[in-house]
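Each of the next two complexes has chain A plus one other chain: chain B in the first, chain C in the second.
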Partner chain A sequence: MDTIPLIAPATPDRDSLKRRLERAGFDAITLLLLPAVLFVVVLFVYPALYGFWLSLHPMNGGGWLANYIAFFSDPYVYGTIITTLELAVPVTLVNLALSVPIALRVRHMRHQRLLTTLLVIPVTLGTVLTAQGMLNYFGPLGWFNRVLMSLHLIHMPVRLVHNFTGVFLSQIIGGFPFCFMLVLSYVTGIDPSLENAAAMLGARAAQRFRHIILPLLAAGLAITFCLAFVQAFSVFPSAVLVGAPSGPTRVIAIAAFHAAYEEYDYSMGSAIAIIMGFVQIIVVALVMWISSLFYRGPAGGGKG
Partner chain B sequence: MFATSDIGGKLWRIGVWAVVGFFLLNLAGIIASVVVDSLGTSWFGTWLPDGFTTHWYSDAWSGFQLGGVLQVTLEVAGAVILGSAILGVPAAYALARREFPGKKLVMLLFVLPLIIPPFTYGIPLASVLYQFGLGGTLTGVILANLMPSVPFVIFILVPFIEQIDPRVEAAARVFGAGTWDLFRRVMVPLLMPGILAALVLVLVRTIGLFELTFLTAGPDNQTLVVALYYSVFAAGIRATQSIDSMAVIYMVTSLICLIVALRFVDPTQIVGRAKKAEAH
Partner chain C sequence: MTISAKNFRELRLDHMRRDFGGMNALRDITLTIKRGEFIALLGPSGCGKSTALNCLAGLLPLSGGSIWLDDTRIDHLKPEERGFGMVFQNYALFPHMSLRKNIGFGLKMQKRPQAEIDAKVEEALALVRLSKQADKLPGQISGGQQQRVAIARAIVVEPPLVLMDEPLSNLDAKLRLEMRAEIRRIHNMIGCSTIYVTHDQDEALSLADRIVVLRDGQMRQVGTPQELYARPAHADVAEFMGYRNILKAEAETEQNGRLTMRLGGAKLEGFAVEPGHGREVIAALRPEDLTPANDGPIAAAVVSAEYRGRDFYGLARTQEGLDLWFRSELSVQPGEQLRLGAPAERVLVYAGAAA
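Up next, the complex of A and B:
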């Protein structure tokens, strides 16, 4: 983009520094960034660094790595990483796997808006309503089990809440709409003529998906995966409300909260929070690396 | 795709719609069970409650100090909207229009709060706020909620701004407009739809944002979602119907915001544009 600042030329000797800065891209408009940058530095970078510093100064003495050593030597605590990953990775993959075929169908629909609105409703429910609803609906005396028992599909109520399944389902209900909206927007960005051309050359539906849609969608899917994974990985309310927070769904956020707010050990709480951030970043980096192996380029066929 | 007329294609299509139908059916069941319960007298082991009443709603209003909680929620949301507009709109404009050394670093700075789990920076942020005497205060809750909203507004607005022809601004400059005039008289009016869309989405997000409020709020300044969580967490003290009626109030509040948001903007479009912007 052409960004020559349209400011009347000043005398060169007096304004030389200003001119030089402007030529490098720093003018009055670039300065508009300053308040937002300062805000993020004060409320994000500083707390993050402070948390890191805090985590290296254990409350109960010991070396500066004592918190991290304590974390990785107690299976009840470091196990929360595995529990969280076991929950977050499948949830995100299932959400993506559901979103892609549905989005591929929905994009050809005429009443797209109605269906998208319906599918987005869970966003407004909030974790607590979803949890309450699940306790009512999926509970042993809830409608879901009643219907299945009336149809003689099951003889005993299925246990769907207060366990791993409960948290899994609540994450699908809460996470799917978000995944779907993102995937739909990426899918609609693909020029249909690319697929039509492949169909004309005799490619079957599965082949068209594998060789045309998937490579074009890879980058978008990677971004969707990362954003959806953040939500699933930091699951907290539903793990407490519809899960079994002391056992099978003791996720890492619960461990961090427990340390900081129930044992008042902010140092340990920060250490767990930072470990959580690191695991998150590793997963995001891994996904981005995998997606970089796919084709990257315009999906708009010709105009791109 | 898969719009083929062969049997496999048809089966596939039926399968996809069956999944959508199953999802929506269960979703309807979940919402209906909360609404029915919030209107029922007592409900245990039958298809429907024994009788219907609305007294849980008036109970929730008085028992939960719901009026106060709603007021806090709206105050927080209002302040966050205002703050993220003041900080986010100028920053988005600068990012969309200028290339400068270190731009990638600034982008990274804004992306990180969106991809780092809220708990990771929420816990240290809460302790920093407590250090400055802001922990457990309304200001603290507002600042914590503002944190992820500012980058959010920036990333929504950048593609909107990139769509505006830079020659419009050049023309304003030729006629002698300074940066402030340019901003106030040219950019803000042109960007109004984008700004409104971003701010309504911030509203929906702020109402739903659990973690940061949960970590920073004191007993007097919980937003609706956190107050709800505590009421469920301390289950047994309150009747589930009372909690359910509060959850319904939450859902209606948030649904109204989302419907208003969807009138202004199609969310699929935002991401579509954002994706194009990334390709630059």
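Up next, the complex of A and C:
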């Protein structure tokens, strides 16, 4: 019988640093993240932290929290949170409420692209152009009032600009296309055979919406709500142009602008901006928590 | 409490028609389906079989004709008012509901008492052998299980008619055979009528009481599996039923339906299926009936052959360039010269293009 040849005991594998990093999920491709990270750090993280630091160093002294104390002790200033919420929440809800039925209808239409294009045009106009158009159209001498007056439906022009309604309408016009596009993409993601299956099981249109469409859409609607809300909450130009910036539409962005660029108190302006961010985070967190109670996952009906 | 189909005598389709923008997707479909019958709609893709099913379901409106359930006209009713069950090709299970809720959905829509819903769902789960998985979501079970849930969901509302749209096409071969038996077992147990759309002739032959062959939106033949297998009424039906050799031939003599034909240089005997054929005919025969024989009339060279367990199936080509599919019990090699022949009663003769 042959003797079994001796083999020297293998040296324990010493993986190179590269191999170990790869196993942890870092490889050369990860480096492609660098520009984006740099971008975020320079243009977002740093300004946010700088703003936060600035807000803790009040211009007129009085301790770190002086700006925040000042903000929450003046009802004219902290009231802007309520004003902005009163504007942003209904605007977002109305936009969502309009988007869902229209998206459900458009999904089945043949000239979907044409209609979608028409609905999306307002988003390309920009706030200032929209405001300009609104001032002409909805103003006391605008077409809208003239037509209603010549039809003897009203005797005095209705006031639709330079007040809350003006900003509200402008936010609907500007925000709807955005909401609609998002909702349409979520709606088309729902397999139409699911609705057919529900119909075959005896569900009428309203029941199909309640039991099938809505639960499958919930997560998407929550995300749309958050994005649209954040956009509406930071309203600034339309609140000035078609609103009443010293009264009913004195939104929080105006308060921040006023502090920073009219009173030259950058520290206070930063504090207001930070507060604004927190309010947005609270609302978004709340909505995301509610949506986590619903089904999240693919809205398909199975294989195939 | 047991699940059993609602009572009815028959479902009648009367000259059912469906157009899509000027194109006839479905023409003149007239058919009576009795309670408890299993009907297969068989045809190649694009033949209108899914359209027919969707028209029956109410998911597509008819362009003409009518549908009757006993003495009630139902073609103007919405899907939710017809009360039929449907199993979709992709199952269409509600992804956000547990299997239990999926199956109970139809009963819930009928506003049945919760106790009754629970009992029936439990029974349906047992019927498709999924009681243990009842609280999972559809995404957490396998394709075969999803398919069974889809069936349970369709039958638990005790529909008079269950529509199935190629329900097995997404399953692997073994599971397909198992589910085939399962579908027939459930059909027999609840006593509904089933209309089953498929492009797979094996499935149709093994499941159905009657098969409806569709082509270009028209019914080409209706019959029992035996009838369709042995005597397809038209050459195109024959082709679809596994008569792989569809050969142009010239009729020479005929006696009591028995024909002698000239096929290139060879002579072939067969039986006429369609009366009134002309000189140009089409001979149809299955590969399994065309075998090598010393006195076979057709000389051909083997092009390729594949082993299929019991025997070999191959392709041979005659001198005139005619391709023939044949079966052989002995191994054959490409290039080998063979004489092929078929028993006359297995050769079906149809009218040719010029007739």
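A few comments on the model shown:
Heads up, the rule we're going with is that the second predicted complex is superposed on the first by the 287 of 304 C-alpha atoms of A that agree within 3 Å, B and C clash if a C-alpha of one lies under 4 Å from a C-alpha of the other, contacts with A are read in each partner's own complex, and residues count from 1 in each chain.
Note that a contact is a pair of C-beta atoms (placed from the backbone, for glycine too) under 8 Å apart; a residue touches a chain by one contact, two chains touch by 3 or more.
All values reported here derive from a predicted model rather than from experimental measurement.
The superposition on chain A brings chain B alongside chain C with room for both. When chain A is checked against chain B and against chain C, the one touching more of its residues turns out to be B.
After overlaying the two complexes on the shared chain, residue contacts for A:280 are found with chain B alone; chain C is out of touch.
When the shared chain is aligned, no partner comes close enough to touch A:156: not chain B, not chain C. Once the two complexes are overlaid on the shared chain, A:293 sits clear of chain B and of chain C alike.
Using the contact criterion defined above for the overlaid structures, shared-chain residue A:191 touches chain C, although it does not reach chain B. When both complexes are overlaid on chain A, the residue A:17 reaches neither chain B nor chain C.
Of the two partner chains, chain C is the only one touched by A:201; chain B is not. By the touch criterion defined above, A:257 lies against chain B but remains apart from chain C after alignment on the C-alpha atoms of chain A. Applying the stated contact rule after C-alpha superposition, one finds that A:215 touches chain C and leaves chain B untouched. Per the superposed model, the minimal spacing between any CA atom of chain B and any CA atom of chain C is 7 Å. Residues 204, 298, 304 of chain A lie at the contact with chain B in one complex and at the contact with chain C in the other.
On the chain C side of its complex with chain A, the touching residues are 57-59, 78-80, 83-86, 88-96, 105-106, 109-110, 137-139, 143, 146, 150, 153-154, 157, 169-170.
Residues 191, 193-194, 196-204, 207, 211-212, 215-216, 294-295, 297-304 of chain A are the ones that touch chain C when the two sit in their complex. Interface residues of chain B facing chain A in the complex, by the touch rule stated above, are 1-4, 8-9, 12-13, 16-17, 19-20, 23-24, 26-27, 29-31, 33-34, 37, 44-45, 47, 86-88, 90-91, 93-95, 97-101, 103, 106, 109-110, 112-128, 143-144, 146-147, 150-151, 154, 166, 170, 173-174, 179, 204, 208, 210-211, 214-215, 225, 228-229, 232-233, 240, 243-244, 247-248, 250-251, 254-255, 257-258, 262, 266-272, 275-276, 279. Within the complex formed with chain B, the chain A residues making contact are 1-3, 6, 24-33, 35-37, 39-41, 43-48, 50-52, 54, 98, 101-102, 104-105, 108, 113, 115-138, 141-144, 146, 173, 176, 181-182, 184-186, 188-189, 195, 204-205, 208-209, 213, 220, 226-227, 230, 233-234, 236-237, 240-241, 253, 256-257, 260-261, 266, 269-270, 273-274, 276-277, 280-281, 284, 298, 304.
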